[in-house]
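Across the two complexes that follow, subunit A remains constant while its partner is subunit B and subsequently subunit C.
Right, the complex of A and B next:
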């Protein structure tokens, strides 16, 4: 008995902790060795060994200089706050400074720059006006780079068709909606409607299936750990691999999905060639991807609910549905509301999956607002109208911002945090 | 080693030696490090690197060429973004001509008429000319789509589409695991030759974009019938699908471009093909007797506006040698399995039957303009073609929609 407990203890040379720890130590060594061998063999994924060495010789000193520079700056900042400003919070301010600088550089500055771009006429033909190196055509007017007039035109073009600075009207005098891409279904209202359907359907299935699985996992069942691991697998695989794998599996002729359908006597479906089924396919993959998030979050929430509530309700004769509605849901609310908020924002902005699986096709029918924006700005049909694209992105930002405010204030999901 | 391989190696060695002798005649230049963004594949880039080394060893010892491979659309976007940022532009850009108009619009590449003697490129220089100025030097002629077939599955190339359909069905009947015919179904570049074959074009005589003529409708109808009536193509197939299936012997015939020939001749990359099994032919004739006409152009090297001084001198010297010296041109053409762009170098059908077949297919094509407005055609046709190929739109509606879409595109 004693020997067995020794073998299982964390100090045992074969304990799980030790194996994991050694694994952690050895992984970077293995990576280093692999890179070393690849470099010494002369080739590494198409890069030359000299290229890798040159890059490392540039990157490593740069990181060292940045780290040392940051430390020196922090020291100077602390001295300044402590000795000159004489604030009692010199240390917390100093420690927060790097995060503030990073936020300003990587969040605030891009946001401001994006707004500035919306006030520009930046498109492919005017690139030379905004670049110091490109050749300007003799007839290119670069006198005004940013103006409210450009902003008005950029924002108008998100909604309406504009020709020579004027909104185009139909025979009844109504303004024509502008095509953000090439088909008549690529107008803002249609893309917005499709985005809302995409978001609602995804979030609905995420919540319901995630909740169901969390409740099953909260029961006393055998092999629970194995089930839990299987369910979180979608999380463990890099997104792009998931998308491309599913794209192959939805292939009409060679994909697993149709093979399965045919094995059960069904008829093969042109998943990615048919507008409706392509939309179904991307929703399926996103639902599959999103379930683990809810299951893990809600399982944590369910486990924190005391069993006494259920016992008391049961003694009072409450049915399972009543217990779910009156105990589980209210007590999960602090977890559920932020999770739904995040999920709505993530799903609304889920461009990578759609770009990788369908690129918005066929016939631009699976585009949502963000993929429409991506394809309009950078896709194969892009005209690189960055001013227009910035205005478009600001509209999307405003929609999500308004949703978040309304949803959070009306649902009371953050009430507990505010009340503290 | 086979005798034929020895002969090819010997020829390449002799050509390389010829190249060395000819570059020795050039003036010496200081050592320069050039960067080229190439849309070409890895094996062709290796040939380019080898050619550069020959040039550098003699003309500019110590010079290096960094080849950065970029896919077509990535190259187009990255070059424009680098130009806008004002830094990071390469010294040379190697790619097809269809983005040249876009680069000229954005002021990214420089005119080359005063840097090169452009009169030595008689075949396809027009594909790189915008507003009368030349913005690209051809490294080869071609970039054309043609019929490619696996000789172990198809004895002879079908001469008409009726023959092709019958052959494709016969192949699948004999080998249920093999698809008779496949191509990049939803890509307009593969669709446009049909339009040309039915007598249509992108621009009318006055230069207006016309995408809704009867020829366009007929072409949409034809490709839709290939899929839904004749059922000789896979239900879904993009470039990778057709390319991979052909290489592994799961498709008997495909439509693809000359850029893939090198890959198909390599038995390691294409186990079902290789020199013995690969056959090339012009597009089969339509019922009206015309052959679909693919756009032809080639690969071109352009020079960004930021390149100057020693960099420019080295770039011009290298490109001039690569594209005009007969030995260098022949070595590059043989190495990349492409057709030369100068009249001094011709393809010997006996020595290079594959290149001769490619040349025969090229002769059935039509020159591709470098006009930036051509993008409005590609972008407007693509979604309509997808709709036709999913049977969710009629050919007539697709043509009408493409025309409206192109007109809106041209407004901007």
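Right, the complex of A and C next:
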């Protein structure tokens, strides 16, 4: 293992490695000193030395309290579990406690609260009713905060058009789909269909291109290291930079995509102003972004397959395709299935890319379910109807959860993760 | 796969010397590209295409990898190039990598005209806190999952997987309402705790997978020598899991460094903005400050790239060893 071998190997005190490592440790200190010097003579670039001291006085005690408090509480918890409850599992429960507390406070509680919100009538107008801090207008009616009636309304509104508490029906008596956002095309079935297309296309290209690159990289070729570091670069760049940069590069006049097309005599495309091309653009960016992850994962998997399998198959006269189907794919399954599962979930939930690149536009034509939710709650069409938004988010979660259950049980891919 | 076999077996059973044929084909394509370049009034793009097609015929693997490397790296080079453009040439349609009259003006401008240093400072404070606490929380939690079989283990692991399915908006709405109810908008402490929590499940998952590949005999040997459980964790497991710990640190760091949606909802006032909100604002307005945006994004990407290259030797082992049965 790499870590153990470096730990055991003797090193001279001035080896390049050691100098580099100390340089790396000292860089943050140097950066901090530089920032402090820059602002020492007054305000610079929005920051003052007083501002730095204020944040530090706030954050450093916070960290110390969190860490020391956690240690003390863990010790007490261990004694309690060990001596009072007398459970044989005192140690694992104690070790897990910080994670459990964090998850309960910031994941479970908001989720339960989210369900509660779906039973509420929380809107911009009624917001003060639900807060003890904000002042309430005298004519605000705060008598009923949570009721099943609200939940029925909120959940119905996700699917159907509701007017005066009744579902609007067309002349044949069929209910009309409700608009989640402003345009007529922002109904639930359309957003769902678009989400499915978005997810399938993205995952398909991630897997195929990632697999192709990994298989090429697994051959004996020169400059492998250089290629790998270049191909991994999209992964290393902060996501928001990637989105905003590509948004610029799809600019109709000054983006390099059109400049390249024009250089070869093609017609410029107004990428982000056209519903179809905008969708193509965001898919392209997400594919570009996701391939390095697959390549790294699958390359690791391919390298772990012993060459003997291929040699034996070749002796038996198996063709390249047969070897791929009968050796590579089955042996890659333990990596491929979890990777696809995670990728489907991540792509389905990929809101920040679309919000940053098109914000669901033009005319709400590139919204998927999660960005529809974001825009309904906070974005362009913001009505600040949080009760409705909560109901909407629960529906999205149920869809994804059902999909994941079906996929995991049919593929059986996550079994070994639990059964170890 | 068929391409791979043709590339491997250079002399085929039908007696043709494919190596030679491919070499001639490659030369032909390069010449063709040069001809089209001349015919289209010295459009060098065709020469590049011809050369690449030639390479594709001659050395298909290298051609594909070079092509994909360019796709990966070109947008990055473009951002660097735009950040070097002089203000007058910002809206240029050229595809040059080093622009005519390159200057560092944009870098000076983003500090002098925007509150960029304040954005950076806010992000640094959040990121450092989140990465350190996140790794500590996940490292101990994952150890419990890996080494003990306790009641509630399986449901807890399934719950960790389920948290990955929660749409951002599903947490965003209640988080925003809770924060607004408490009057805590524009406060970074809530944001930090939310970041730590969202990173914990994935971190535990990776670390647990990695710990599983370390044989328990090692700790047992240490405990025979007089270590207690926690000492053996600290002295044996943690040093051996450096690859996975690096990955988890990297994920925590990257996640908090560039997070956008939650920050956008909670940090409303510009003086508590992180850089992602600031840069988004530079692009979002009608007057696009492309030069300043590019300079800013180069600056914020450098630390991430440094971390990434420093830890790249751990990337593959840290990510996949957990998935492969050791």
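One rule holds in what follows: the second predicted complex is superposed on the first by the 379 of 420 C-alpha atoms of A that agree within 3 Å, B and C clash if a C-alpha of one lies under 4 Å from a C-alpha of the other, contacts with A are read in each partner's own complex, and residues count from 1 in each chain.
Quick note on the criterion: contacts are C-beta pairs under 8 Å (C-beta built on N, C-alpha and C of every residue); 3 or more make two chains touch, one makes a residue touch a chain.
Keep in mind that this is a model prediction, so the values were computed, not measured.
J.: Kindly classify A:409 by the partners it touches after superposition: subunit B alone (first), subunit C alone (second), both, or neither?
T.: A:409: touches no partner chain.
J.: For A:107, select first, second, both or neither according to whether it touches subunit B, subunit C, the two together, or no partner.
T.: second
J.: If we overlay the two complexes on their shared chain A, which of subunit B and subunit C does A:127 touch? Say first, second, both or neither.
T.: both
J.: Tell me which partner A:253 touches in the superposition: subunit B (first), subunit C (second), both or neither.
T.: both
J.: Which partner chains sit in contact with A:378 here, subunit B, subunit C, both or neither? Use first/second/both/neither.
T.: In the superposed model, A:378 contacts both subunit B and subunit C.
J.: Once the two complexes are aligned on chain A, which partner has more residues of subunit A within touching range, subunit B or subunit C?
T.: Looking at subunit A, the partner in contact with more of its residues is C.
J.: Name the contact category of A:149: first (subunit B only), second (subunit C only), both, or neither.
T.: neither
J.: Quick check for you: in the superposed arrangement, does A:356 touch first (subunit B), second (subunit C), both or neither?
T.: Once the two structures are laid over each other on A, A:356 reaches subunit C alone.
J.: So, does A:364 touch the first partner subunit B, the second partner subunit C, both, or neither?
T.: In the superposition, A:364 contacts subunit B only.
J.: Kindly classify A:320 by the partners it touches after superposition: subunit B alone (first), subunit C alone (second), both, or neither?
T.: Only subunit C; A:320 stays clear of subunit B.
J.: Shared contact residues on subunit A, subunit B side and subunit C side combined as an intersection?
T.: Shared contact residues on subunit A: 46, 51, 122, 127, 130-134, 253, 378.
J.: Spell out the residues on subunit A that touch subunit B in their complex, using ranges where they run on.
T.: Those residues of subunit A that touch subunit B are 46, 51, 122, 124-125, 127-128, 130-137, 161, 163, 179, 181-184, 251-253, 268, 270, 272-275, 361-364, 378, 380-385.
J.: Can you list the residues on subunit B that touch subunit A in the complex?
T.: Contacts found on subunit B: 42, 66, 69, 73, 77, 80, 83-87, 89, 102, 105-108, 110, 186, 234-236, 241, 305-306, 375, 378-380, 382-384, 386-387, 389-390, 392-393, 401, 404-405, 408-409, 411-412.
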